[in-house]
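Below you'll find a set of structures to go through.
Heads up, the next two complexes both have chain A, just with different partners, chain B and then chain C.
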Partner chain A sequence: MGELRIALQSLKMSIHTRLQYRVDSAVAALAVFIRESANIIVIYLALLKFDRINEWNVNEMLFLFSLLFLTYAFVVSLFADLRYFSDTIREGRFDRLMVRPRGLLFQLVLNNADIIASVGHGTLGIILFLVSAGRVGIQWNTGTVLYYTGTIIGGVLMQGGMFIIFSSLSFYFVETGSIRDIFYWNMRKFAGYPISIYPKVIQIIMIYIVPFAFVNYFPAQYLLRKPDMAQYPEIYMYLAPFAGIMIYFLAYLFWRFSVKRYKSTGN
Partner chain B sequence: MEHMIEVSHVKRYYKVAKREQGMGNSIRHLFKRKYEIKRAVDDVSFTIKKGEIVGFIGPNGAGKSTTVKMLSGILYPDDGSVKIDGFIPYKQRKQYVKNIGVVFGQKSQLNWDLPLIESFELMRYIYKIPMDLYEENLHQFTELLDMEDFLYQPVRQLSLGQRMRGDIVAALLHSPKIVFFDEPTIGLDVVAKEKIRNFIRYMNQKNDTTIIFTTHDMQDIEKICERLIIIDSGKKIYDGSIQDIKNRYTSIKNIKLILEDGRKEMRTYDTSKKPMNQIMEEIFRENQVKDISICETEIDEIIRDIYEGSSRILSSEL
Partner chain C sequence: MRTYLEFALKKFQNKMVYRLDFFMGMINTLITIAVYLCIYKALYGNASVIDGVTYKMVATNFVIALGLSQAFTFNEMFMQDKIKDGSITNEFLKPVSFKLRMLSENIGEGLFKVVFHFFPALILTCLYTDICMPKSFANLVFMLLSMMLGYLVLWLISFIVQTWSFWLFSVWGIVTIKNVFINILSGSLLPLWFMPRPLKTMISCTPFESIYFTPVRIYLGQLSGMDIFKAMMIQCGWILVLYLTGNIFWKQGVKKLVVQGG
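Entry: the complex of A and B
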C-alpha cells in the first residue's frame, strides 16, 4: 500500500510539474505526436506502392507499429528517470536515494514521468490500433483480449528491463548514452517491420540480444498468423508475454549486483 | 551512557589511474593502466554519544564526505567497522536509514518546479510518517525557520537560504534520531546561517537528536557544537572540545598597532615564551604608538594553523 501511495504522489508531482507550463506541454505533446505520425505516414505511403512486404499488408503493418507505440507510452512515463541515469550518478543524486528507506529502483520509477511523451506516443498508438485492429481479421474474444493485455504488459516490462540494464552500466562507465542509443533506439527502428525481411544477423539480434521481436513481432504473429512465422519456433508466440517478465527479472538482478559494486567503489 | 555511533579503524581507499607524459605512455595507458592507491580515510576511530553535536572539519579532500557516506550507509568501508544505533549502515541500509536524516548542502532533494509542500508530502509517504506527527513537525519547523511565506511557492523561485531551509525540513520531517548535515550553511548570508544554526541547536536540545555536521565555517562550529573532530589527509588529527583547542592557543596573542606615522602593524606573540610586560616594553621602546589592541587568536586562525602545520602544533600533545 505504502508503495502505491508513493507512486501516486510521484505521478501527481510529475503531472503538476508539466502543468506549470501548460501551453509548452500541450505544444510538446502535439510535437511528439506529429513527429511520430510523420514517420508513419511516410511508411504508409511507401507501402501503398508495394502493397505487401513478406505477405504483410498495410493494416497489418500498422498493427505491428501500434504495439510499439502503446508500450512505449507506458515505458516513457514509468521509466523516464532511467533515461538520464548516468547524470543521476555523476551529479551524486543517487546518494540521496540511498539514504531513504525504500527500494532504489522503486524510487526512480514514475519519478519525473514524461507525461507529454506518453500522451504523444499513446495517442498515436491508439489511433493506429483503432485503424488497424478491425481490419486485420483478429477474432476478439476473452482469449485474444487476455493475450493482448499480457503482451502489452510484457512489452512494457521488456523495454523497462532494457532501460534498467543500460542504467546499471552507469555504475561501471561514466558515459552510457551512446550504448543505449545503439542498442535501444536503432533496434527499435528495425522493430517497425516484420523481422523476417532482415538479414539473419539482425533477426538474431532482434530475437536474442535486444529482444524487440517479443514486444511486437511475435505477439502480432499470434494474433495474425502470417506465413513467415514458419521459420521461427512456434513457441515464441506463446512466450511473448512472459519474455518481458523474464528480462525484467534478469535486469533487476543485474541492477542489484551493480548497486553492490557502487557501494564498494563509490564514484 | 551508551554510544550512539561507534566507528573503529575505518579505512577507505580509492584507485586513481596514473597518467604518464609522452605519446608512448599514453598508448600504453590504453591497455595497461597503472593505479595509485589513495587513502581517502585512513584508520579513523571515534565514538559519539546520544544527543551529542559534533562538528566535523578538515580541508577540502580531507575525507569528510567519504566518512559521512560510510556513516550514512552509502559506502562500504574497505576495512574497520561502523555501528550506529545497533545497525551496520552499509549492510542494513533500508532498516537503518529510517532513523537518520541527511542534508546535503550542495545537493537539493526538492522538486525544482513545485512548491515545497509537495516534496514534503512525498517524504510523508516515503518515511510512512503518521499524519499527526507530520503535521506537528511541519507546523513547528516552518514556524521556527520562518517559512510560512514561501511554502506554496515553486522552489525555483526561492533564494538559496529559503531552499536550504526547505531541504532541512524535508530531511527532518520523520523525526530522525541522528542527523547528518553536509555543509548546511554553504553560500548563505548571515541571517540565514543564524536561523539554521539556531534550528540545529533547538533540534538537539528538544529531541536529544544526535547531530554530526561538516562545515568550512568556523562560526558554525563555535556557535553550534561543543565537540570538534578534525581530519586531514584521511587521518583524525584532533578530537576534543572547542574550548580545549582554544585553551591551547590562549598564550598566543595578536597585537595590532597603529603608529604615529599612520602605519598599521600586526604582530603575533606567544606569552608563554615571553611575558606580556616584556612584550609591551619592547613595543613601546621601539615604536611611537598611537593605538594598540590585543586580541585572542580567532578560531579561524587556530584551524588554519592546524591545517597548515597539521601535526606541528598539536601532535606532541595528542
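Entry: the complex of A and C
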C-alpha cells in the first residue's frame, strides 16, 4: 500500500508543478494536441479525395490512430523519465535514486509524469475513439471490451518495455540517444497507418524488431477484420494484448541484468 | 555583408563537427519522405492519374516540399532564450544587426541541412522511386530562386512569432501550432492539388502557398513564362508584408523590454 501512496503523491507533485503556470500549461497541452492532430487532419483530407487506403476508410483509420494516442498518453505519464535516460546517467542523477529505499525502476516510472503531453495525446485519443468506435461496426460486448482493455494495457507495456530496453543500453554505452531516435521515434512515424501499405522490410521491422504493429495494427485488425490481414498469421491478432506483457517482462529482466554493470560517471 | 556571410559560414562549420547529427538528420528526412510516399502509393492503388496529377508528381512534391521542410528548421526558441536570460542586451551593444545575424545563422544551418540531410535523402529516394525531372533548365533555376524566396517567407513568419516572446511567458506552444499550420497549408504533408476547393481558395490568400508549393509548381512546369514571374512577385509581396509586420512587433517589443539585474 505504501507504494501506491508514493505513486499518488508523486503524480500530485507533477501536476502541481505544471499548475504553477496555468495559462502556459494549457497552451502547451493545446499545442501538443494540435501538433499530433496534424497527421490526422492530413489523412482525413486525403481520404476526402481518395476515400480509402488499402480498403481502410476514414473512420477505421481514426480508430487505428486512436490506439496509438491512447496508449502513448499513458506511456508519457508513466515512463517520461526513461525517454531521456541517457541524460539522467550522464548527469549523475541516477546515483540519487540508488540511495533511496525503493526499487530503481519504480522510482523512475513515478518520477516526472509528463502531464502536458499526456493530456494532449490522451484528449486526442479519446476524441478519435469516440468519433470512430461507433462507426466501424464493432460489436461492443464483454469479449471485445475485455480485448480492447487488454490491448491498451499491452500497448502501454510494449512501449514502456521499449523505453526500458533503450534505457538499459545506457549502462553499456555513453550515448544511446541516436539508437532510441532511430528505433523508436523514427519507426513511430510508420505506426498509425495500416502496415500493409509499406514495403516488406518495413513490415518485418514493425512486426518483429520494433513491434509497433502489436500496439495498434493487429488489435485494430481483431476488431475490424480488414482484408489486408490475410498476409499475416491470424494468431498475431490474438497475441496482441500478450505481446506487450512479454516484451515488458523481457525488458525488465534485461534492465535487472544491466543495472548491475552500472558505474557512476563520477564527480 | 561580409560579417553576415561569416556568421552563416560559422554556423555551417559548427554543424559539420557532429557527424552523427548528419547521419541522424538524413535518416529522419528519408523516413519522413518514405512514409508519405507509401501512403500515396496505397491511395493511388491502381490508378495512374487522379485529377490530372500523376503519382510521380505527388512523389516529386513530397521529395521537394517535405524534404525541404525538414531542412528548413532552426531553433525557434532563440529569441525567447536571449530575452529570458537577458543576454539580448549584449546583442544590442554589438555593432551588428541582431535580426540579420539571426537570419544569417539560420541560413547557414539551413544550408548545412540541405547539403547533408536533404541531398543524400533525395538521392536515396530517387533510387527507390521515380520522380519528375525539372521541366527545363530555366525552370530549375527559377525554382531555386523561388525556393529562396520561400525560405524568407517561412523565416519571416517564424520571426514574427518569435518576437511575441517579448510579451509571453513562453512561445513554444504558439511556435508549435504555427508549424502545424505551415506544414499542412504549405502542402508539405498534403499536396495542395488534393485540397478541398474552398480550403484551396483560402490558402491562395495566405503566404503559405508561397513557401514550398510555388517552387514545386515551377519545377514541374505547371507555371511557365509570365506565370512564374507573377508567382515570384506574389512571394516578394508576402516577404514585404511579413517583413514590415515583423518590424512593428520587434520595435514595440524592444521598447517594452525590461531586463532585471545585469
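Just so it is clear, the second predicted complex is superposed on the first by the 262 of 267 C-alpha atoms of A that agree within 3 Å, B and C clash if a C-alpha of one lies under 4 Å from a C-alpha of the other, contacts with A are read in each partner's own complex, and residues count from 1 in each chain.
FYI, contacts are C-beta pairs under 8 Å (C-beta built on N, C-alpha and C of every residue); 3 or more make two chains touch, one makes a residue touch a chain.
This structure is a prediction, so every number in the text was calculated from the model and none was measured.
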First, second, both or neither for A:91, with chain B first and chain C second: first
Chain A residues touched by each partner, larger count belonging to chain B or chain C: C
Touching partner for A:15 - first (chain B), second (chain C), both, neither: neither
First (chain B), second (chain C), both or neither touched by A:253: neither
First (chain B), second (chain C), both or neither touched by A:5: first
Contacts of A:145 with chain B and chain C, given as first, second, both or neither: neither
Partner chain in contact with A:102 - chain B first, chain C second, else both or neither: first
First (chain B), second (chain C), both or neither touched by A:263: first
Partner chain in contact with A:209 - chain B first, chain C second, else both or neither: neither
For the chain A and chain C complex, residues of the former touching the latter: 21, 23-24, 27-28, 30-32, 34-35, 37-39, 41-43, 45-46, 48-50, 53-54, 175, 178, 181-182, 186, 189-190, 193-194, 197-199, 202
Chain A partner contacts - residues on chain C that touch it in the complex: 20, 23-24, 27-28, 31-32, 34-35, 38-44, 50-51, 169-170, 172-174, 176-177, 179-180, 183-184, 189-190, 194-196, 199
In the complex with chain A, residue positions of chain B that touch it: 14, 66, 69, 72-76, 90, 93-95, 97-98, 100, 102, 104, 107, 109, 111, 113-114, 118-119, 121-122, 125-128, 154
Residue ranges of chain A touching chain B (in the complex, touch as defined): 2, 5-6, 9-10, 12-13, 16-17, 20, 91-93, 95-96, 98-103, 107, 263-266
